[in-house]
Structures are given as C-alpha cells and as structure tokens.
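In what comes next, subunit A is part of two complexes: it sits with subunit B in the first one and with subunit C in the second one.
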Partner chain A sequence: MNYQGYGAPPAAGGYPGGFPGQQQDPLYGYFTAIAGQDGQISAEELQACLTQANFSGGYRPFNLETCRLMISMLDRDMSYSMGFNEFKELWAVLNGWKQHFMSIDRDMSGTVDPQEMNQAISSMGYRLSPQAMNSIIKRYSSQGKITFDDYVACCVKLRSLTDVFRKRDQAQQGMATFQYDDFIHCTMSI
Partner chain B sequence: MAYHNQYRPPHYNSAPPDQGFLWNIFQRVDKDRSGAISDTELQQALSNGTWTPFNPVTVRSIISMFDRENKGGVNFNEFAGVWKYITDWQNIFRTYDRDNSGFIDKNELKQALTGFGYRLSDQFYNTLIEKFDRQKRGQVAFDDFIQCCIVLQRLTDVFRRYDTDQDGWIQVSYEQYLSMVFNVV
Partner chain C sequence: MPPPVVPHGMCLKVMNDRNMKGGMGSDTNPLKFMDQDYNFLQDYCLKTRQRFVDEFFPPDLRSIGEGLLKPEVMARVEWIRPTKLYPEAAEFVVDTVSRFDYAQGFIGNCWFLASVGALTFQSKLLQKVVPDGQSLRHNYTGLFHFRFWRFGKWFDVVIDDKLPTINRQLIFVKSKTYNEFWPALLEKAYAKVCGSYADMHTGRVSEALLDFTGGVHMHYDLKTAPTDLWEIMYRASQSEVLMGCESPAGNEERLPNGIVLGHAYTVTKVYQVMSGRNPVQLVRLFNPWGDSEWNGDWSDNSPLWNTVDDEDRKQLLVSDNGEFWMSMKDFLRTFDNMDICCNCPDFLEGKSACKWTSKSHNGSWVPGSTAGGCMNHPDTFCTNPQFWLRINEMDKTCDQGQNNVLVSLIQKPDKRNRRLAQHHGIGFCVFAVPPEMRSEGKFRSSFFNRKPVVTSGNFQDARQVMKFFRLEPGEYLIVPSTYLPNKNADFILSILCKNDIQIQKDTERTEKDFLVDLIGVSESGCTEKEDEESKTKFLFRQYSDQYKVVDAEKLQQILHENLLRGRKNAEGFGLDSCRSMIAMSDFCVTGRLQGSEFVRLWDRITTYRDIFYNMDSSKDGVLSLNELQNALEKTGLHLNEDILNLMVVRYGGASEQISLEGFICLVMRLNCMASIFQKLCENGKISLDESEWIGLTMYS
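Take a look at the complex of A and B:
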C-alpha cells in the first residue's frame, strides 16, 4: 500500500538548540519575531507569520481554521503549538503544494475549478473513488471554485487523516481496524 | 456497547410551544418575509452569549437538519423543529454551565459529554476545546458547544453504520475511512 502526497521530507533537527546555519535562515527571523521566549507559535501566530513572510504571495492569507489544521498536522507532542523545526517542515510542504496549485491555476485567479482540483489531488498520489472525490471537492467549493486557502486546507486534512489511518494499518494492506473510542479520539484530533 | 444509547442529548420534555407564539417568532426572524428562514436570518436571530455572530457552520448544520426540501431555508412547519432543537440545547447548556458563566469550561464539558455516554480521555478535552472554541477563551460558547456535539454525533452515526455486528469495532479501507470522516471533522 503506497501512501502519497507528502511533499518534502522533514527538516533535519538533531542538533541541540537548532541546526547549523539556523541563525542565517531567513525563516528563523520571521519565526522568532513572532514566537518570542517559548519558541512556539499558536495558530494565530502562524497565520501572522505566514502573512508576514508573504507566503501566499499573490493569494489571500490563510484563514485561522486552516492554520489550526496545519499546527495539528505536525503537533506530535499535543501542545497545540509549533516549534521552529516543525515550522520549517511545514514551509517546505506548503511550498510544494503551492507550486502544484500554481501550475494548475494558470490564469493566476487564485482559484481552480473542481476538475482541476480533482487533477491536483490525484496527481499528489491520492487514489479516491469519484464519489469520495466529489464529496471532498463539494465541501471546499464556493460558487464552483476552490480557493488556494481551501486547497491547502484540503491537502492538510488529507495528510492528517492519512497519518491517522496509517498508524492503524500495521500490515500496510490499506485496511485498518478501529475501536469506537479510539476512532473518535484520533479522527477528532486532526 | 455504551455508544449505542446515550450520545444524543437527553430529551427535555418541554411542552410544545403555542402555535401563535411560534408564528410571531417566525415572522420576526423571517425579515424578508419570504416564508422561509434562511441561514443568515437564523444566524441573526441566535445569540451565543458574546457579541460575535453565531457560528455559521452550526447554523448551516441546523438548517440542513430540518430543511426537508433542500431549499436552503426552513418554512414555518420545519421551524417548529428548529425552535425545539435550539431550546433543548439551551436547556442542556444551562444545565452544564454550572457556574453560570455563559461558557462551558473543560470540566463542565467533561460532565456534559460523559453524561451523553462518551468515554473520552482527559487530554482529549483539551483537544476538543482547542478545536471548537472560536472565542479563544479556553471555554466553549453556546454555538461552539452545539457544533462540538454535532460533530461527535455525526462521527458516531457514521461509525455505527459500519459496525454491522455492533461490537464497537470496524474494519475499513483507506478510501472508506476518508469518505466516512472527511466532511464530518
């Protein structure tokens, strides 16, 4: 069973206090300006950080719920916040998704149509039935269009849910078993 | 299996409201006199105890629950159901908001959900509040409380549909899992 859609591999973070070159990393500048003493950022701070680093470029800044989903996607210690290493990892993944979106949004309108969204998701490696795909797309279209923010929210959710599923698919057969309490816990935690 | 029985809010035996009374309310809420209450109109009529608009996602969920004709609004007959639904939630909220703060904090949320039959870890309540508390106060307002309960109910419903032998376990494929939960959480 081949799980796809992950973009860049996680950033190296083995050195205590960061990694070589961290001080010169422009991302570190944006991050610490917002994170302050504890070196962690919340969803609101992430939203500010990405806006200041002009991540979205021509596209509108991410809404708060999308930022919350991003934090949750990488939040391994259940702190509901993100440290610099995770921020770097997120940045790399987001860039991958952004390049992908831009390659499809040829008229630079900031939106794609359902067909293009379908293409984008399949080309990330997700194999979903037409019905599953339709219901996902329907959730994110407004007036028949999907914005960059919605597209990212969708990618984050797909990745988070795939992570949840993988942990319960020990045999890597594409089948997972869930007990009810566990199902509620892990599915609601994204 | 505990989840079969009590995940719906307890039924409050409030006497059905007087039709005339309900009609008055309906007319006031149906501002454009279209004969149906839209999402916007319902949102404007509801209060979450703060000065911010009622959670639009919750409004959409409620309207779609009672809109039998898929028209994007509720007529007077359907509105009776909406009114009762919201009144029941108000009663539940007041019951569990023990300190009358107008918000449900982590402990009060624990009491409420445990009362409904859920068995959730202590850490998970932190996650629920983080996920649903739109006011960012570490406590849930009325609309966010409803939203949280609706999502829990929907996940439970979808789980039950797959748990055909009712033993509290399901086995699903990757694609089934995504289809089941993607639009609920």
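Take a look at the complex of A and C:
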C-alpha cells in the first residue's frame, strides 16, 4: 500500500498567547474572539468562528456535525475541544480542500457531481475499490450533487479513517485488525 | 422492547465479497488437488515439448483399482491417448456438450453419469466443472483439468489423457460420437479424486450432484414427497440446478415397464401439458446407459401424445437415446427418491423475494474428547461439538409460516479411496435455549434432559443428512453426532435460513455474543406492534416520492414533523444525521429507503425515543452521563467507561449532555458498528483491508 499524508504532524504546541509572534498571526483574532479565556473552542464555537471568518465564502456555512468531525480529526488529547495550534492546522487543511473544491466547481454552483467527486478523492491519493467509492458518493450526495459542506465532511472522515487504518497496519500489508473495544472506539469517535 | 438488529448494507457486501473472493477453496480460486498446478504443468510441458504423464494417477493397474476387472481382462488393458486412438480426428468437444454424448461403460457408476447428464443442461455450472480453453489440438500437451466441490472446498484436478482401452476400445464411459473425449476425461478426473475407477462403482446420485455444484442439496423420498414436489422441481429448473433420481433397489434388472432397478437417472425437464381439457404434470428423465427407456404413459410411443396440441407435441421424443417422458404420478410411483442441487435456494418455496443466509462450520468427532454418540448415551452426548444458533426476526413480508431452516451435515472421508471410506451413522439434534440458560462454552449433560425441538430423523450411515424445517426466532443449540460414541470423523455443518442468523461453535463464543440482544415480543406486544406498523406504513406513503422511496431530506422532514413536533429547544436532526440513518438502514446501498426499510428504521427510532424519555429522570429534555449509561443498557448495549465518556463529548458537545437527536444517532451508530464487528469477527478480532474499512465506516 502506498500512503499519502498531509504533511508532518504539527510541532509541539506552545502556550496560547504566550509568544508575541503568535499574537500577530492573522488567525489569532478570529480564534480568541471565540475561545475566550480557556484558549479552547468547542464544536459550537468552531462553527461560529468559521462562519464569522466567512471561511465558506460563497458556500453555505458548515453545519454543527461537520464541525464536530473537524475537532475529532485533530483532537489528540481527547478533550474534544481545539487549541490554537490545532486550529491553525485545521485552517490550512480546510483551505487546501476549499481550493480543490473550487477547482472542480468551475461554475461556482456550490456543488460538484459524483464523477468529479470520484476524481477528487482519487487525486488526493486514496485508492478505494469502486464499491467503496460508490458508497461514499451515495452517502454524501443530495439529489446527485455534493455541497462544499458535505465535501469537507467527507474529506475529514476519510483523513481520520485513513489515519486510524494506517496506525493499525504497521507492516503495511493492507490489513488492519481491531479488538472489539478498539473498533468501537475508532468508529464511534468520528 | 428494542427491535432486532438490522443488517448493514455495506457489511453484507463485505461478507459477500469475502465469500466470493473466498481465498482458497472457492469456485474461482480452487485448491490444487494433490498440489498439482495445472498452469505450471501446462507451461512446463509446452516449453519442454513433453506429453504429460500423471505420476499421482499413473496409467497402470493401480488407477483402475481392484475388483473391477478380471485378471485376464486387466492384463489386456492398454492406456492410449485420444490423439493416438484417432489421429487428426480426436476432439475434446464435438459440436456442444450434450447428455447424448456418452454411454456408460464397465463401471457401475450410473450415479456419476446421471449427474453428468444433468450438468450438460447448465452451461454456467458446466464451465465451473469443465474449464474452458481445453483442446486436443491447440497447445496440446496431454494435460487436462476439471474441478469438483469436495467436502466444502473446490478442487482443481489435473489428469493426463491416457485412457484405459481393450482392443483400442474405451472400457469405461464411451462417447457416442467416436472422436469426442470430454466425457471419458471427466470420468477419469473424478476417478482420480475417488481413488481409482473401481472406487466409482456404486454410489448415490446426490453425491456427484453435490460435487458438481457445492450448492443447496435437498433429498426427497418419493413415497413421502411433499404435495408440491412438481412445483418445487419446476421452480428449481428455472435456476442453475442439477436433479437426479434413483429407482428402487435392485441389481439393474429391467422391469416390464422399461425402468432399470438399482439405477440412477437424470431429471432433464419439468413440463405441463394439456391432455384434452386436463392439465398433466410431466417429468422428463434420462438413463445414462443411453438406451432402455420407460414404455408406459407419455413414453416415446405412448398414444397419449395424440391428445395434446401441436405446441405440446413438440416435446415428444422419438429416439431410443435413453430419454423419455412420464407423468408425475407415475414418477412418484415408480422411483424411490430424488435429489436437487441448486445454487439458489429459492426453489425451496414459491416466493423469491426473500434472501437466504448461509453459514458453514467445520468440526470433528474425536474419541475421548468430542465423539459423544447420540442421545442414547446421555453421559457423553454433551461432549459432542455444540453450535449456538440465534435466529432473528424475519421481515414479515417473507414469513408465510413455512419451513425456514435447512440444516445439512456432511461427514468427510478419512481415506482417499472412496470405497474404503467408512461412513458412520450420523445425525443432529436441535434444542431450544431458554434466555435464562444462556452461557459461554459448552452446555453440560443436565441441559440435555430436555427434548429436542427438531432432529434429523433416523441416523444414517450416509455421506450427508439434511432436514428442512421451521424454527421461530430465538436461540438454539445444534448438536451433530455419530450414532455410536467414540467414532472418529470430521464434518461440515451447514445452515441455510431465511432469517438473519448468527452461529458459533462452542469454542468461539465470547461475551460479545450478547452485546446486541434479541428480546422476544410478547403476544400482546405483537398486536400493538401490528397497529404501530400500519401507522408507520401510512407515514411512509405520505412522505415517499413517486418512486416509493424516502431520501434523507424526506426523512429529516418526517422526523421534524412527527418526532420533534411541539418540542421546545429542539436542535433538530441535521441532514448528515439523516443520511447516516439511511446508510445504516438500507440493505442495497442505494442511499434511499424502501417501505420495509423505513418501517424498520421508524420502529427503532420510536423505541429509542421511548427509552430516552424513560431515562430522562430529571425531565429536563437531555441525558446526563449517568442517564446515558442507563439508557444504553436498556437498549442492550454495554460500553466501557472510556468509550462512554467519549460518547458524551462526541455527541453532547459543549454542554456535555445528550439531546434526543444525539441519543438516537448515537445508539443507532453504536448498534450498527457492534453488529458489523460481530458479523465479521474471527477469534475476537476483526481484520479489514483499506477499502473494506473505508466502505464500512464512511457509509454509516
């Protein structure tokens, strides 16, 4: 199996607000406006933050469920909330997905069709069987179309699930094995 | 009460794919018999320009076997290739394969040849047994291969094409077309798996029918045949099926009516004619001798054919080629038994809308350990292998009150040579397991003081016994055994069921078996449930589109207008959650729900809603951590503390409390994942490749 990732894990997090340089990051304003004193944001707060930052641009803002998935994807201390460094990583990843989506959605209709979605997923390096690909498209399309919100939800889950799979396929033999509790833990957390 | 688990569409696909890919021993990936690799040998012989000679089934007396031919006859046997018998003229197949291509030789293997006759009608089945691309001309190396299903696995069997002859005449099966050799070569391959030609002497037609299909096998004693046997045969004939029958015991003497006793015949067609104004059900049979036909009603010369119209008269046979018609009435009167082997179990009953679940397990009777003998030996019966079986509720549209379970028990031979295989008397018992007696591991002898709910009947010293019967949803124990204790043998236990089932061998059961419980519905509950179902069906019709399906948007609308209506502060079900519920409820991975799927889903939603409100002890409209734990246990689910905490964070968000919407999504997903694990797990673990993992988890 040939895995493609999305860059190295982020550097160890510093203390929010502890470094002058960090405070000059243009994203920090959005983050602190929502996060307040604890320096962590929940799914509801993330949704508000992304909406306020007008991240989706002309697209429909993210729904709460997608925001929960985003936190789950990057939350490594299992607190189910997000610090600034995780927020920065998310922003970068989201921007990549947004650029990708816009390059497919040439007419700015806000949706892509299943064939384009298929190509998009393949071009991100996922090697899935036609059956798995088909099921994903059925799961994330409405009336045969995929919105930006659904596209991001799909990408978040694919990234999380692929990460889980890779960690359990240490020998890269293409098979992952789970005990019961581990299986439930992995499948229920995203 | 929580409804039974609904199978997950993607999980069903993964299971089917695994069975089809199968790994070793499937029909598309057969094992190599005696580890001989046809492709390797073919390449080797082509490169070295050699003609293949099979050292494992050598062209000498050993392959003919003892007791078949007299010594003076045996001394005259020559092994000759078809290309030497008929230079430039020998062919593997002349025109197409047909049941009229051959006639039986010196071996009493009519049971095998009757099955070959059945096979010639079914090109798909035939291609599994006789792989394409074989020739006595192109790329000829004297090497051929055939495939047979033997005791649970498909095998690819390699042979050379040296055939036994005397005075340059084949002494076993002969082609009626002098230069056609596929029947003789197929017979040689089967002789090899039986051990020798002599080992093919005397057998039951069912044996070869099963070896050619690996399919569902049903045996019928014609004296006690079901009243709708003709309809069963007719339905079977619409599928990929092999049917054979046997005349009463005898030494192949011919009766005045033309039927040969102690002989096997092929059933080649099932047809109904109008004789005047009377419908008459007919069956067409074939004698693998290639002659000796029935001469009674509806036979080749019967005047009854003058009573039918021109269209029906086209069915009339005029050649003395071993094939003839007879009425179903005469068939039941004249023959002793028949067998049907079919890849599709739908022939078992008229309605084809239902899907059958098939499970197989291997086991062993080991003296001193698991060879407990039958129930006549109460001290040791409990040591037999035990198979725990759970039968889940069936979709009501499929349940007509008929038989729903077919259990088959096959004992494997301990010797290569078929004649030397010792068949023990075998059978099985089925016991109902009351809920309070659920346990891990084996049941002890005290459990077996009760009477079985079903048995296979008299113990038979046969290769296979089977029984078709009805079991209500619940838990059962199947105990296969030999008649006498301390008999050594391996076996295959197969269960075919219209309901969804789980089955586990006694050594494999773990606590996870009880994670997803089925709780029986009381009688009064049934009545209430039917009323509720009518309301749900009305709801479905009200919201479904012109294609009679409900999609995620419609489901969201239904939930908001019928489940959350009037509730304050309801966040509402997100569209993604509705898509998820559909993905977990639709069998065919279409992204939409049909009527029966919707009814099941709604039943579960309303059940979980009721549990939610019962558990919300503070009546504030949300569940706390403790309340969530209690509610999950009510649904039959148990989670360890870490996962439970994770669920509150994952589904509760900042408030760390679970709303009704969150609870329903959480429980449905948890049930779905637990069910997937249970269905695909082996030895307490689940192994998935990346596409399986992504497909299962993304489509949910």
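What we mean here is this: the second predicted complex is superposed on the first by the 175 of 190 C-alpha atoms of A that agree within 3 Å, B and C clash if a C-alpha of one lies under 4 Å from a C-alpha of the other, contacts with A are read in each partner's own complex, and residues count from 1 in each chain.
As a working rule, a contact is a pair of C-beta atoms (placed from the backbone, for glycine too) under 8 Å apart; a residue touches a chain by one contact, two chains touch by 3 or more.
All of these numbers come straight from a predicted model, not from anything done at the bench.
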item: Three-chain arrangement built on subunit A, subunit B and subunit C clash or fit; value: clash
item: Which superposed partner A:I184 touches (first subunit B, second subunit C, both, neither); value: both
item: Chain touching more of subunit A, residue-wise (subunit B, subunit C); value: C
item: Partner chain(s) touched by A:A132 [first = subunit B, second = subunit C, both, neither]; value: both
item: Which of subunit B and subunit C A:R68 touches, first, second, both or neither; value: both
item: Contacts of A:V156 with subunit B and subunit C, given as first, second, both or neither; value: neither
item: Subunit B/subunit C common contact set on subunit A; value: 1, 44, 68, 72, 78, 80, 127-129, 131-132, 135-136, 139, 157-158, 161-162, 165, 169, 174-181, 183-185, 187-190
item: Complex contacts: residues of subunit A adjacent to subunit B; value: 1, 44, 68, 72, 78, 80, 127-129, 131-132, 135-136, 139, 157-158, 161-162, 165, 169, 174-181, 183-185, 187-190
item: Residues of subunit B defined as touching subunit A within the complex; value: 1, 3, 118-121, 123-124, 126-128, 130-131, 136, 151-152, 155-156, 159, 163, 168-175, 177-179, 181-185
item: Sites on subunit A touched by subunit C in the complex; value: 1, 42-45, 63-66, 68, 72, 78-80, 126-129, 131-132, 134-136, 138-142, 150, 153-154, 157-158, 161-162, 164-165, 169, 174-181, 183-185, 187-190
item: Subunit C residues within the subunit A interface of the complex; value: 10, 13, 17, 512, 551-553, 571, 574-577, 579-580, 583, 589-591, 639-640, 642-643, 646-647, 649-650, 653-654, 666, 669-670, 673-674, 677, 681, 684-695, 697-700
